[in-house]
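Take a look at the following structure, please.
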Amino acid sequence: MADLIQTLERRIDRLRVAVREAVLAGDGTRAKTLRAELREADQAWEAALAEAELNRTEPPGLSRESQVGPDAGDGSSTQSSLLPLREQVYEALSLLQVPAAPRLIATVHEAFFATAFSTTRVTSLRRDEERSFRAAPFTRPYYICSALIADFLSPARALLAVSTWPMESRVIGSLSPRVDFLTAAIRVAEAVERIPGPMPAARRLLWRFAASIPGAAHSSGDVHPPTIRSAAEAELTVHADADSRTRREAAERARRQLSDVEQLFGIRLKPAGRAAGAVDGDA
Amino acid sequence: MSLLTALARVLAAETGRAQPIRTVRHVHLSGRPLVFIPLQLAGEACAPLAVLVGDDPGRPAMLTVHEPRDRTQRFDFAAALAEVILGYINSYSTVSTAPDQPYPDAPQLLVPNPQGAAFTRLLGRSTRFRRTDGEFAVKESVPLLGRWLSFYAERMEVPAAALLVPMTTVLADHWATGQSAAEDANLAALLGWIVPPPGMTGAAAARAAEDPVRFPPAGPATDPSFDNEVLEPRIRAVRAARVTGDGGALHRAQTAMEAALRTQLEPTWELMWRAIGLLRTIDEGAHVAERWQSDCWAFTSHVAHLRDGGFPQPRRDGAVAAAARLARLERDQQRLNVQRAYDDPLVMAEYRLTGEAFAGTVTEAQSDRLDTTGKRAKLRPWIVVETAEQVSAAPGTVLTCPARPGQAAEIIEVAPAGDLTHVTLQLSGGMGRALVPLPGSVPAAGETISYTTLRDDFQSAPRFPDREQTPWTHGGPPPEYVPPVSEDEAEDIA
Amino acid sequence: MTRLASPAELARAAADAIMADLSRANRGVVVDSPPGAGKSTLVVRAAAELAAAGERIMVAGQTNEQVDDLVGRLAAQLPQLPVGRLGARGYAVPERVAQLSNVQAATNATDLAACPVVLGTAAKWATVTEETPWPWAIVDEAYQMRSDLLLRMAGQFEKALFVGDPGQLDPFSTVETERWLGLSWDPMSSAVAVLLNHNPQIPVHTLPVSWRLPATAAPVVSQSFYPFTGFTSATARSERQLTWNTHAFGTSAFDLALETAAEAGWALYELPHRHTLRTDAEAIRACAGLAARLLERGASTSSERSAEPLPVTPSRIAIGTAHRDQALAVKRVLAELGVHGVVADTANRLQGREFDVTIILHPLSGRRDATAFHLEVGRLCVLTSRHRHACIVVARAGIPELLDAHPSVDPVHLGVPAKFPDGWEANQSIMSHLANWRVPAP
Amino acid sequence: MSPTEARLARLRGRTPPRRHDARTVAALTVNPACARRALMDAAGVDKQQLAAHTGYPAPFGQSQFAITRGNAFEAQVKDNGAAQLLTLLREILGLDITEAHYTDLNEVGGNQDSELRHVYTKQRLTAAVMGTGTMFDHPLLRLDVAGRYAYLEPDLIAFRHRGTFHIVEIKSFAIVDEQADPAKVAATAVQSAVYVLALRDLLGREDAVHHETILVCPKDFSNHPVVAKVDVRRQLGVLRRQLTRIERIDELLALHSDELTFDLDPGEDQRPRRPPEELANAVRTVNASYTPECLSACELCYLCRDEAQGTSGALGKMVRADLGGIEFTRQALDLARGASPGPDREEVAGLLVEAARLRQEILGET
C-alpha cells in the first residue's frame, strides 16, 4: 500500500511538471490530455490514501506546519438544508418580493434561513424550471422564472423571479434595478425587525444595503432598521413613478405579445440582420 | 550607471561570467540574519500564502495559509509569524545595555527581492492597526508584528540602512552581469551569472534559471502555471474536505498543499544562503560598521518607542514629518555616496572617469609654507600633483584626499604639462596646531595620491516647526493624531 | 472703434490688478511670470508700494546672485529706502551691492531692524528665529523653491507675494522615493503647488508680456510651454535687430546658421544623424565654434533699449546644455579657441538669466532613447527662452523620429496632477518649428 | 478588400485573425519603434501561438486566482443595479438623486453578437442625453485602427445628466492609503484613453467625453470599492499620434517582399505545422527594436532577445546610452582593449580604454 501511494505521488509530481511544461510551451492540446491523466492519478491516490487511513489506528493529528488557522473557522459553519433548492430560492425571493440575482438570493437565504447553497446551482435551476413548465404547464403552484428586460422582453441576465408575481414586478426598465434594490432593502430591514434575535449574517447583509443608500448608514457601522427603511423609502419615491410607467407599458406589451411560457422565461432576439431591425424598432 | 559599469557588463556578456564592480562589501551582513521568503496569493493586495523563515539554514520554519482569503486564518498566520519574527527580534533587544547606549547588535531581515520588501511593508500595514478586542479581535502579537514590519520597511528607505535587505539589490550592486538590470531581478538568474554551475556559462545558467518549473520564482508572486496547475487543485481539495468534514481527507489535502508550496520555497531558501555565503567572502567597507551602528541606534530607539507605549506609524507622513524625513534622507544619501567612494577604489574610479576625482603622484611639496596675509600666520602647505587623468574642477574648488579626509585642499592652479596635468593644491587642516605640520600629515613628494570633489561637508540638521506650528501654507496645525483602527466590517473579506 | 491695447498697456494693467489684489489679500497672491515678463520689476514695485504703506517686508530669493540682483535694483530705484541684506555666515557682499549707500548687510536679522525691506535667500530666512512674524513676504522664483523650504520659513510671515516662472525646471531631490506622492504637502513639490493645494482661494495672476523674448520667439515659446495662459512679446519684429559688422566670405555652415538666426531669431544647426555619447565632440565643437564665429564676425544689436547699436560682447552670449559634463566640455573647447567670457552652463544654472544670443545643445541630440530627464519640459523651456535676439539650436538629425519612437510608459500616480504641457509634446512642437530654420552642417 | 488588407491577410495566412483590442491598441504606445510588432498587430497575427511554435513561448501567463478576484470584484460593485458603484459615482460626479439608471449592454435581447451590441450601445448612449441613462454596463465601442475595426468593451460608462460621459474602469489592484501601483494605474490610463477616443468617435463630439476617467479599486486590504479620477490627456495625445503613425502601415509593408508570411499552417486539429525555423526566419526579416522592457510587454520577447544577443541594447537602455553609439558588446570590448576606433568613435573609445585601465589598475584585470 505505502509504496503504491509513493509510486502514485511520484507519478503525480511528474505529471504536474509535464502539464506546466506543456502550458508554458503554449501546447494546449497536450496540456489537456495530461490533465486528464493527472485527474485519474489524483483519484487513485486519494483512494489509496483513504484506504490506508482505515488501517491506521489513531486519527491523524494536524501536521506540525498546519497549526495555522482553526480549519473550521470559515463559512462552512452553516449546514445545508433539507428543503429542495427551488423551495429555498422561493423562500428567499418571497422575502425580497423583487427579482434578484443568485448571489443575493443565496446571501438572503443564508442570513434568514441559516442554510447556504452554491449560486451555480441556482443558475441551472432556471433551466430545470423552464423544462418542467414546458412539459406540463401550470402543474406546480409556482415556478422560479426570469425577470424580463423591458425593451426586448428577453430574460434579464441572472435575474430570477417567481411566476405568481404580477408581470409589472417582473419586467426590468433602466430604473428598476435601483427601485428593486431599495425595495429589497426595505424588506430585509422589516425582516430583521420581525425576527427577535437576527443572526449577525442578517445584520451584516442589512448593513451592506445601508452602505449604498443615502442617509441610511450609521457612521458607527451598526444597523438601525427604521432609519434604513425611511431612507430607502425616501429615495424610492423619487424613482417610483418613472419606473412604474416603464414597467406598466412593458407588462402590457408582454401580456399582449407573449405566450405563457414566454411570459415566464422571455423571448430571445434572433441573430443579427433581423435583430438589428428589431433594435431599431425599439429605439 | 556609469561607463565603468557598462564596461563591466560588456565584459560579463563577452566572458559569460558576472564581473565584480566593487572591491569591498558596502552593506553590513549580520552573523545571524533572518531569511524571510514570503509567497502571496495572486490578485490580492496582501494575502499571505506561505512563508519560509528562519536564521538557521538547516531549520527553516514553514507557515501556510490553507484558505488565503479567510481573514481568521490570515490573522492566525500573522500570529504564528509573529512568534518567529518577534522571537528573533527579542533575542537582540533583551541584551542589557547602558542607558545612553544602543544595543550592540540588531536583527537583520533578508528578503529575496524588492517585491519581498514591499510585501513586508504591506503585511505590516495590514496588521499594525488591528484591534485586539471586539468582534474582530486578533492576538496581541499581531499589531506588534505589524509595527515591527512597518519599522523595517520604513528603515529600508534610508539610503545607508541595512536592517531589511533585498538580496537581488545587494548582489546587483556588487556584480555586473551580462544581462539587463530587468533580468537581474531574478535571483536564480543573477546567481547563475555570478556563480554558474561547473561547465556552464553564466549566460546559460541564467537562461536555465528562467524556467519557472525548475527554478520557481523567488516570490512573493508565484508562477501562474503553478497557480493554475498545482495550487488551485490543492486549495480546492482542502475546501472540499472541509465541507464534507472528513478529517483524514482534510489532513491529506493540507499536507499535499504544503508539500506543493514547499517546492516553490525551498529552492529560493538554498539560493538565499548561497548568496549570503558569497557576500561573506568579501571584506566589509571601512564605513559599513559606522552605518550599522546607526541601524543599531534606530533599532534601539524603536524598542524604546514601543516600550514607552508610542503610537504605531501613521498611514502617511504629516507635513512637518515628511519635510524632516526628506532632509534626513538627503543627508544620509550624500554621506553614503561619499563613504562608498572613499571605501572603494572601484567606486572612486567612476568619479575619476568623469574628472570629479583624479589620482597622481606628488611632484613637489612645500610642507612648511605659511600664509602671512592675515594678522596671524597660518600653515598653508602647497603641493603639486601630476596626473594623467582628466581634471574637471576649476581653481578655487576645494578637494579632499580620501586618505586624509580631515584635510582640505584648494586648487590653486591646473596647468597642462605635455599630455599630463599639474595640479597645485593649498592644504589646510589635519596638520596639528603648530606652524610646522605633524610628520606625515602633508603628502610628500613621490607619494601617489588621489583627490576628489566629493566631500561630506556635514551640515547640521535643519530646524523644522513643531507639528502644532505647521504654517498656513501647509494647511495649518493638523488635528491631534489618533492612530486609525481598521474598520473591520469594511475589511472583512467577503 | 476701440484700439487694441499695446503690450505696455497690457503689462501695466496686469501689474495694477496684482497690486489691487495685494492690498485686499488676506493671505497672499501668486504671480506666474513667463520668461522675461518683468518679474523683478514687479517685485521692486510691490516692495516699494508695501514699504510706502508702512509695512515691513522680507524678500526671499533662491540664490545669493538672485538676491544681490534684487538688492541692486531695489536700492538703485529707491535711493532713500534703507535696504537690508541678510546673508549667511561666509557670505561676502559683492562690489555692486557694497557701493550702494542705502544698503546695509548683516548675518543677523535683528541688526537690520531699521530697514523696512530686508532681502535674503530662503535658506537663510529659514534659520531666522524672531518672535513677531513679518506682515509681508515676497518670495521670488517660487516655482524653483521646494515646499519643504517654504515650510521652514513660512512661520516668519503673515501674508506673501509669490512670483515665479511655472515653465522652468521643477525643484528636484537627490533621493528617490514615492513615499509622499499624492500628499497635498509633498515636500518634493514646488512651494507654489503646496501653497495652492491648501489655499485654493489665493488669486493667481499671469504677466501677459515678455520684455525679453523677441517677436520671433514669444509665440513659439508661448504655445509650446504656456499653452493655457500664453503671452506676447513687448517688441515688434522691427524693434529688435541683430546685425553683422563684417561680411562672411563665401558661406560656411556656421555663417549660414548665424545669418538665419539673425534673420529669423532661430536656427537649427543640424549635424548628421548618429548615436553618440552625451559629450558628442562634434556637437560640442559646433556650439563653441558658433560662438567663436559670432564674435569673430562681430555682431551688434539694436533694440528698444538704446538708440544706437550695441556690440554683442562675450558675456551677452550663452551656451546652454543639459548636463554638467557637456558644459565643461564646451568650456574646454572655448578655451582652446581662445574665446573668453562666453557663458557655458546647464539649463538649471541658466534659469532666470538673460542674454542676447543663446546657443543650445539640444538635450536629445545624438541620443538613442529619450529619458524623463531629457524630455523634461522645463529644461527645454529654459534653454529656448533666455535670448533677446536669437537662439541657435545645435542638434543631430533624427530627433523627431526619436520622439515618435519614444515608448510612453511613464508611471501614473494617483492624486498627482498630470504635468502640462507634456515634455514629449513640447519637444515635438519646438522641433516642428525649428524644421523651418534648418542649416545642415557640412 | 483593399490591397493593404489583402497584403495583411497574406501575412497572417490561414491562422484566424486576432482583432485589435484595448490592450493591443494601448501596446502601440509601449514600443512604437518596433516594426515587427506593428506589422504583426496590424495583420492580427497570433503572436502568442507564433512565439510558442518557434520555440520561444511567451514568459507570461495569468493566474486564475487573479482572474477570479478581478471578476468577483467587478461583479460585486455591479451587483443589485451597481448599487455600490452608484454610491461612489454620486459622490465623485455629484450625480442627481434621480440619476440612477442602469443599462445592461452585455447582450441585446439575450443576443451577444458584437455588431448588434455596438448598434444598441450607440442608441442607448445617444438617447442618454434625454435622461434615460446613467450607468451603462459593458457597452461595446469601436475604433478604426489602420482601417480595421477594433471592438472595445469598457467596464462601464457613466453619464451625468446635462454633463459629460465618463469612462469607468474597475480594477482589482488595491488603493492602499490613497496610493496604487503606478505601473498598473498607467496601464489602466492608456486603456481608458483608448475608450475615450472610441466613445468620442461614436458620439461624434470631443467635448461629450470627459478626459478624466474614473478608476474603481478595492480600498486597502478590503473588498470595499474606492474611486479615483485619472486625467488621461497625456495618454490621449500619445495615442492619437501613434494611431496616425500606423495609418502609414503601407510604408512598412513596402519594405518587405510580397511573399513574406507568418502563416502557421494549422492542421485540422488547429496545431501549427509550418517548420518552426522557416517561420522564425520569416519573423527575422522584419526589424524588431528589442529592449529588456519587452520582456514584460510582448509575446515575442524571447525570440527577439535571442536575436539581440551581443548587442549593447540587450544589456539595457542605460548601458546602450553609456556606450554612446556602439552597437555590439564585442566591438565595445575591442575598443576598450585598444582597437583603433572608426573616425567618429574616438571619444567613446578613449573613455573605454581609460575605464579598462582603471579596472586593470584596481582589479589587476587584463
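Per-chain residue numbering starts at 1, and chain names A, B, C and D are given in the order in which the chains are listed.
Keep in mind that, in the parts below, a contact is a pair of C-beta atoms (placed from the backbone, for glycine too) under 8 Å apart; a residue touches a chain by one contact, two chains touch by 3 or more.
Because the structure is predicted, anything quoted here is derived from the model rather than measured.
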| item | value |
| --- | --- |
| Neighbouring chains common to subunit A and subunit C, by label | B, D |
| Chain centre separation (subunit B, subunit C; CA means) in Å | 38 |
| Mean-CA-position distance for subunit D and subunit A (Å) | 34 |
| Rounded Å distance, subunit A centre to subunit B centre (Cα mean) | 49 |
| Junction residues of subunit A - those touching two or more other chains | 23-24 |
| Overlap residues in subunit B, where contacts from two or more other chains coincide | 225, 228, 316, 490, 492 |
| Shared-contact residues (touching 2 or more other chains) in subunit D | 61, 178, 293, 351 |
| Pairs of chains satisfying the touch condition | A-B, A-D, B-C, B-D, C-D |
| Complex contact set, residues of subunit B against subunit C | 157, 159, 316-320, 322-323, 325-327, 329-330, 333-334, 354-355, 392, 462-465, 469-476 |
| Subunit C residues touching subunit D - in the complex, by the definition given at the top | 178, 181-182, 274-282, 366-369, 371, 404-415, 417-418, 420, 422, 424-425, 428 |
| Residues on subunit D engaged by subunit C in the complex (per definition of touch) | 29-33, 175, 178-180, 182-183, 185-186, 189-190, 215, 228, 230-231, 233-235, 237-238, 241, 245, 289, 293, 317, 320-321, 324-325, 344, 346-348, 351 |
| Interfacial residue positions of subunit D with respect to subunit A in the complex | 48-49, 51-53, 57-58, 61, 75, 79-84, 86-87, 90, 97-98, 100-104, 106-111, 113, 115-116, 119-120, 123, 127, 132-134, 269, 271 |
| List of subunit A residues in touch with subunit D within their complex | 23-27, 29, 101, 103-104, 149, 151-157, 174-178, 180-181, 184, 209, 211-212, 214, 235, 238-239, 242, 266-272, 275-276, 278-280, 282-283 |
